[in-house]
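Structures for review follow.
Paired with chain B in one complex and with chain C in the other, chain A is shared by the two complexes that follow.
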Partner chain A sequence: MLQKNEKRAGTLRAMLAIMVLLLFVIVLENISSWIPGMPAIFSPTSQLFTVLKKGAVYSLVAVSMNLLNGFTGLFSLGQAGFMLLGAYTYAILTVPMAAKDQVYYLYGGSAVKFSLVDAFQSLFGTAGFGGAVSMICAVLVGIVCAGLVAALFAALIGTPVLRLKSDYLAIATLGFAEILRAIFQWQTLGPITNGANMLKSFPTFADFNIKNAAGQVVLRLSTFVPFLLSILCITVIVLLIHSSYGRAFKAIRDDEVAAEAMGISLFKHKMLSFVISSFFSGVGGALFAMYVSNAQAKAFTSTMTYEILLIVVIGGIGSISGSVIGTFLYVACSEWWLRFLDAETYIGSFKVPLLRSGFRMVVFSVVIMIIVLFFSQGIMGEKELTWAGIGGLLKKLKPKKKAASAGKEG
Partner chain B sequence: MDEKMVLRMEHVTMQFGGVVAVNDLSLDVPEGKIVALIGPNGAGKTTAFNCITGVYQPTNGRVEFMGKTMICSHPTGKMKKNYLGKDAETYANQKIVDPAPDHVVELGIARTFQNIRLWKSMTVFENVLVAKHMRAKQNVFSATFRTNAKEEARMREETMELLKEQGLDQYCDEIATSLPYGLQRRLEIARALATEPKLLLLDEPAAGMNPQETLELAQYIQEIRDTHHLTVFLIEHHMDLVMKISDYIYVIDFGSEIARGVPKEVQHNKRVIEAYLGVAEDE
Partner chain C sequence: MEQLLSTEYIVSILLSGISLGGQLALIAIGYTMVYGILRLINFAHGDVFMVAGLLGIYISAALPMYIAIPIVIALTIGLGFFIERAAYKPLRSAPRMSVMISAIGVSYLLQNTATYVTGGQPMTYPAINALTKTINICGASTKLVVIITPVLVLVLIALLTTLINHTKIGMAMRAVSKDFETSRLMGIKINNVISMTFVIGSALAVVGSILYFTTYPAITPTAGAMPGLKSFVAAVFGGIGSIPGAVIGAFLIGICETIIKGLPSSWNVSVFSDAFTFALLIVILTCKPTGLFGEKATDKV
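Coming up: the complex of A and B.
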C-alpha cells in the first residue's frame, strides 16, 4: 500500500514538473513581448528558440531510437528513413488545397485531391475559433497518419530485416532509408511527392501563434507546441518501457537466448519495438517538417541518422533522460554555442587563427571522439534522472559535508 | 508401463554437417519423476536438451510432450543424402513440426542453462517478473496505458511469493549477477518456475558447486518437484547428486545411449564405467 502511494506521488510530481516546464516555455517565449527591453536572446527570432524547437523534435526521435537501440538491443540505422516517411505523409496530407497548385507547379498540381486542413475547415469553419480547431485537428490527424505510415513500413520490412543481427541489421535498415530517399526524389512520383522539390505551405509551428483580428501575434505558442507533442510521445514511450513489454525488451537486449527460453517470442517483441519506434520516428519526422517548414527528401540523409545515434550515445544508451539531455546539449552546441567558431574573429587588429567557416565541425568531431573514447557510457549511462538523483546532486554541489552524500542516481 | 509419460523422445538424431551429435536417442520421462541424462563431456547431452527446447531442429525423430507430438522431423534437402543416422524412413511422411523455443515454454517446458544466463541489468525481482510476462493476459496497449493494473499487480505478487518460497526475497532489489554463484543458480530455477512449467529441464544445475552446496541442491530439487508438481529432467556430471535423487538414469556417450536403468544398475554397468574412466588400451 505504501509503495502504491509512493508511486502515485511520483506520478503526480512528474506531471507537475511537466506542467511547470510547459508553462515556463510559454513564459519564456512571450516574455519579450510582455516586458519590453529584455535582452536580445529572448526575442522570438533568437537562437535560443531554434535550439528549443529543434531540441524538442530531436529528443523525440532520439528517444524512439533509444527504445530500439538501447532498450531492445536492435542496432537499427533506419531512423532518417522513417522520419522521411513521416514528414512526407504529414506534408502531403496537410498542404491546403489552395496552395497545392503553387507547391506542385512543376507537375501541374497534385495527384492527391484532398487535404486534411480543408476537410476540417469544412467541418469547423475557417476563421476564428473554428479555424483554430480545424487547424489543430488537421495537424494532429496528420501527425498520427505520419506515425502510422512509418509504422506500416516498419512492419513490412520488419519481417525480413529483423532476422538479421547487430551490424547486418544496421546495414539493412540504413539501406532501406537510402532507398526511400531515392524513391521520394523520383520524378515520376512528382505529382505526389513533388519530386526533388520541397513540399511547403502546410501548417507549421508558427501557425499555432495566437493572432488577433489585426493579424498581430497575441500569444506565441510555436515553441510550446513541439514541447507538448514531444513530451506526450516520450511519456508514452516511458510508460511502455516501464511496462511488462518494456521489461521483455530489456530481457531480449540482455540475453536473447534466455529471453526466448523464458517464453518471450523474439520475433513478436522485436517487431513490436521496431514498429513502435518507427511510429514515433514518423511522428518526429512530421514535427521536423513543421520545424523547418518544408519537407524535402534530401534533408533525411544517413548523416541525420548518425546525428541522432550520436545523441543517443552521448546521452547514454538505455537512458531516456540521457537522450533528452543529450539532444539539447547537442543541438545547443551545433546551432548556437559553437557557432562562434565559424565566424572570423578579430581581437583588435589580430585575427584569431583557425576560426573560419567550417571550423565548428572540426571542433565538434574532436569533442565527439573524446566522448566516444573516454566517456563511452555517455552522460547518464543506463541510469535515469530521478528526484532522488537531482536531490543528491544538489546536496553534492552545496558546501561539502563529511557525511556520505547520496549522489547515486537512479 | 502404466505411468503417464510427460516427455518421450523417439529416435532423435541431431547431425551437424558430418558429425552426429545425438544418435538415435529414445527416452521416456514419466510424470512426477526425476530423470537424469548423464555422460562424459561432449557426449551430446546439452544438444539433446536443445533439441527438446526448440533451439535446434533435430535432423530426425519425434518428441512427444504430454502425449502430443511437439517436435517431429526428418532429413530434408542436402541432409537427405548425407544423413548418417538411422530411421530416416520412419518419419519421412510425417509433417515437420518445429516450434520456436518460446512456444515450447508456452507448452510447459522450462529450462535452466549450463552457464548461467540471467539478465544482467535487471534485479532479482525483475528477472523473475519478466518470466511471468508470457502468461500475462495483456496486450501492448493495455500494458502501456496501465489498464492491466490488476494483471500487473498479480504478476508482482506471484513473483514475490515465488521469491519468498525460494528464500530469495531478501535479495529482491539486488542486481541478479551480483549474487553469489549458488544463489544465481537458485534464481535461475526460480525464474524457470515462474513460467509455470510442467516439466523442468536442468542443465548441469550443480556445476561449480561444492559438495555441501550440491547436497542442498539435491534436497531443493526434490522439494520443488513436490511443491510445484513437476517432472524433472536433468543433465549432470556430479554422480553423487544424480545417484541420490534420480529415479531413472539414461547414459549416453558419443551421442548414443549406452545404458539405462535405476541408479544401482547404472552404477555397476561396465560400459558406463568404461565411458567415464576409459578403457585400458591392451584390453
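Coming up: the complex of A and C.
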C-alpha cells in the first residue's frame, strides 16, 4: 500500500515537472515580446530556440533508438530510413491542395489528390478557431500516419532481418535505409515523392504561432509544440519500458538464451521492440520535416544515423534521461556553443591559428572519440535521472561546501 | 536499344565494371581481413581510402608522382596503424558493439577533418598519364586504368595469398582468425598480428584509391563512405574472412553496378546502382548468411 502511494506520488511529481517545463518553454519563447528590451538571446530567431526545437525532435529519435539498441540489445542502424519514411508520409499527406501544383511543378501536379489539411478544413472551416482545429487535427493525423507507415515497413523487413545477429543486423538495417533513400529519389515515383526535389509548404512548427486578424503573432508556440509532442512520445516509451514488455526486452538484451529459457518469445519481443522503435522514429522523422520545413531524401543519410547513435552513446546506452540530456548537449554544442571555433578570430592583430570553417566539427568529433574510448558509460550509464538521484547529488554537494568552509576556518 | 546491344557498348560496360570491381576488391580485402581477426566492421576503412585519395592530391602537387605514391602509401599505413592502436586496441576486452561504435566515431572524425582541411571543396585527382591514356579494345575506347586494374589486383592477391599461406606472420594471422584466445596461449603476439592486418589493409586501400580516384570526377569528404560500404557488402557476399570470396564479390558488385548505370536513361534506374548492392546484401544475409565461401560458424552457448 505504502509502495503504491509512493509510486502515485512519483507519477504526480513527474507530471507536475513536465507541466512546469512546458509552461517554462512557453514563457521563454514569448518573453521577448512581452517584456521589451530583453537580451538578444531571447529573440525568436536566436540560436537558443534552434537548439530547443532540434533538441526536442532529436531527443525523440534518440530515445527510440535507445529503446532498440540500449534496452533490447538489437544493434540497428536503420534510424534514418524510418525517419525518411515518416517525413515523407507526413509531407505527402499534409501538403495543401492549393500548394500541390507549385510543389510538384516538375511532374505537373501530385498523384495524391488528397490532403489532410483540406479534408479537415472542409469539416471545421478555414478561418479562426475552426482553422486552428483543422490544422491541429491534420498535423496529428499526419504524424500518426507517419509513425504507422514506418512501423509497417519495420514489420515487413523485421521477419528476415531480426534473425541476424549483432553487426549483421546493423549492416542490414543500414542497407535498408540506403535502399529507401534510393527509392524515394526515383524519378518514376516523382508524382508522389517529388523525385530528388524537396517537398515543402506543409504545416510546420511556425504555423502553430497564434496570430491575430492583422497577421501579427500574439502567442508563440513554435517551440512548445515539438516539446509537447516529443514529451508525449517519450512518456509512452518510458511506460512501455516499465511494463512487463520492457522487462522482457531487458532480459533479451542481457542474455538471449536465458530469456528464452524463461519463456520469453524472442522473435515476438524483438519484433515488438523493432516496430515500436520504428513507429517513434517515423514520428521523429515527421517532426524533423516540420523543424526544417521540408522533406528531402538527401538529408536522411547514414551520417544522420551515426549522429543519433553517437548521441545515444554520449547519453548512456540504456538510459532514457541520458539520451535526452545527451541530445540537448550534442545539439547545443554543434549548433551553438562551439560556433566560435568556426569563425576566424583575431586577438589584437594576432590571428588565432586553426580557427576556420569546419574546425568546430573536428574538435567535436575528437571529444566524441574521447567519450567513446574513455567514458564508454556515457553521462548516465544505465541509470535514470530520478528525484532521489537529484536529491543525493545536492546532498553530496552540500558537505563539500561545509568541508571547504571548514578548511578555510582551519 | 540498338546502341545497347552493340559490341562496343557491351565491351566498354564490362571493362569498366571489371575495373570498378577490382578497385572495390582492394578495399574489400581490408574489411574481410579485419573482420576475420577482430570480428569488427571497420567503418573507418572507407574513410581511410578517402584520406589516401586526398593525401595523393596534396603530395603529388608538391612532388613528382613516382616519389609521391610511396609517401602516400607510407602515410596511409601509418594512419591505419595509428587508428588501430588509438581507437580499437583500448577496447580489446570491451563488448563488440563498443568497438563498432568507436569505428563509427573514427569515421566521423576522419570525415570532419577532411572537410576542415579541404574547406569542403571537392578536390580533383591529378592525372596520371600512365593510367588515363585512352586506348581501343574491340572498338570501345577506354582508359588504360581499366586494363591495369584487374591485372594489378590479381598480382597483389597472388602476393597476399603467398604471404598468408607461406610465411610465419601469415600462419599467425590464420591462427588468430580461427581462435583468438588459443592462439594467444600458443605464444602468438596478437597485437603485432592485428597491426599487420591493418597495415596490409591500408596499403591495399591506397592502391585502390589511386586506381579509383583517377577516373573519378572529384573527392569529397564523404567519397569514401559508399565504396567502403559496397566493399563490405562484397566481403559479406563472398563469405566474410575469405579473401578470394571478397574479390569475387567485389567483381560481381562492380559489374552489376556498371550495368545498372549503363541501362537506358529513360528507365530512370541509375539511382538504384547503390541500392542494388544493399538489396544483394539483404538477400545474401537472409538466404546464405555465411556467404559464398564462408565457414559455417557454430553457435557456442
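The criterion applied here is as follows: the second predicted complex is superposed on the first by the 399 of 410 C-alpha atoms of A that agree within 3 Å, B and C clash if a C-alpha of one lies under 4 Å from a C-alpha of the other, contacts with A are read in each partner's own complex, and residues count from 1 in each chain.
The rule is short, and it goes like this: a residue touches a chain if its C-beta (ideal position, glycine included) is under 8 Å from a C-beta of that chain, and two chains touch if they have at least 3 such contacts.
All figures in this text were calculated on a predicted structure; none of them were measured in a lab.
Look at A:V257: by the touch rule set out above, it reaches both chain B and chain C.
Which of chain B and chain C touches more residues of chain A: that partner is C.
In the superposed model, A:T303 makes contact with chain C only, not with chain B.
When both complexes are overlaid on chain A, the residue A:Y245 reaches chain B alone and has no touch with chain C. Common to the chain B and chain C interfaces on chain A are residues 257.
Note for the complex: chain C touches chain A at residues 39-41, 86-87, 90-91, 94, 96-98, 100-102, 104-109, 111-113, 115-116, 119-120, 222, 225, 229, 232-233, 236, 268, 271-272, 274-275, 277-279, 281-282, 285-286, 289, 301. Chain contact summary for the complex, chain A toward chain B: residues 236, 239-240, 243-245, 247-248, 250-251, 253-255, 257-267, 272, 276, 318, 382. Taken in their complex, chain A has these residues touching chain C: 75, 157, 160-161, 163-164, 166-168, 170-172, 174-176, 178-179, 181-183, 185-188, 257, 302-303, 306-307, 309-310, 313, 356-359, 361-362, 364-366, 368-369, 372-373, 376. Against chain A, the residues of chain B that register as touching in their complex are 53, 55, 100-103, 105-106, 110-111, 113, 117-122, 126, 129-136, 138, 140, 143-146, 148, 152, 155, 191-192, 194-195.
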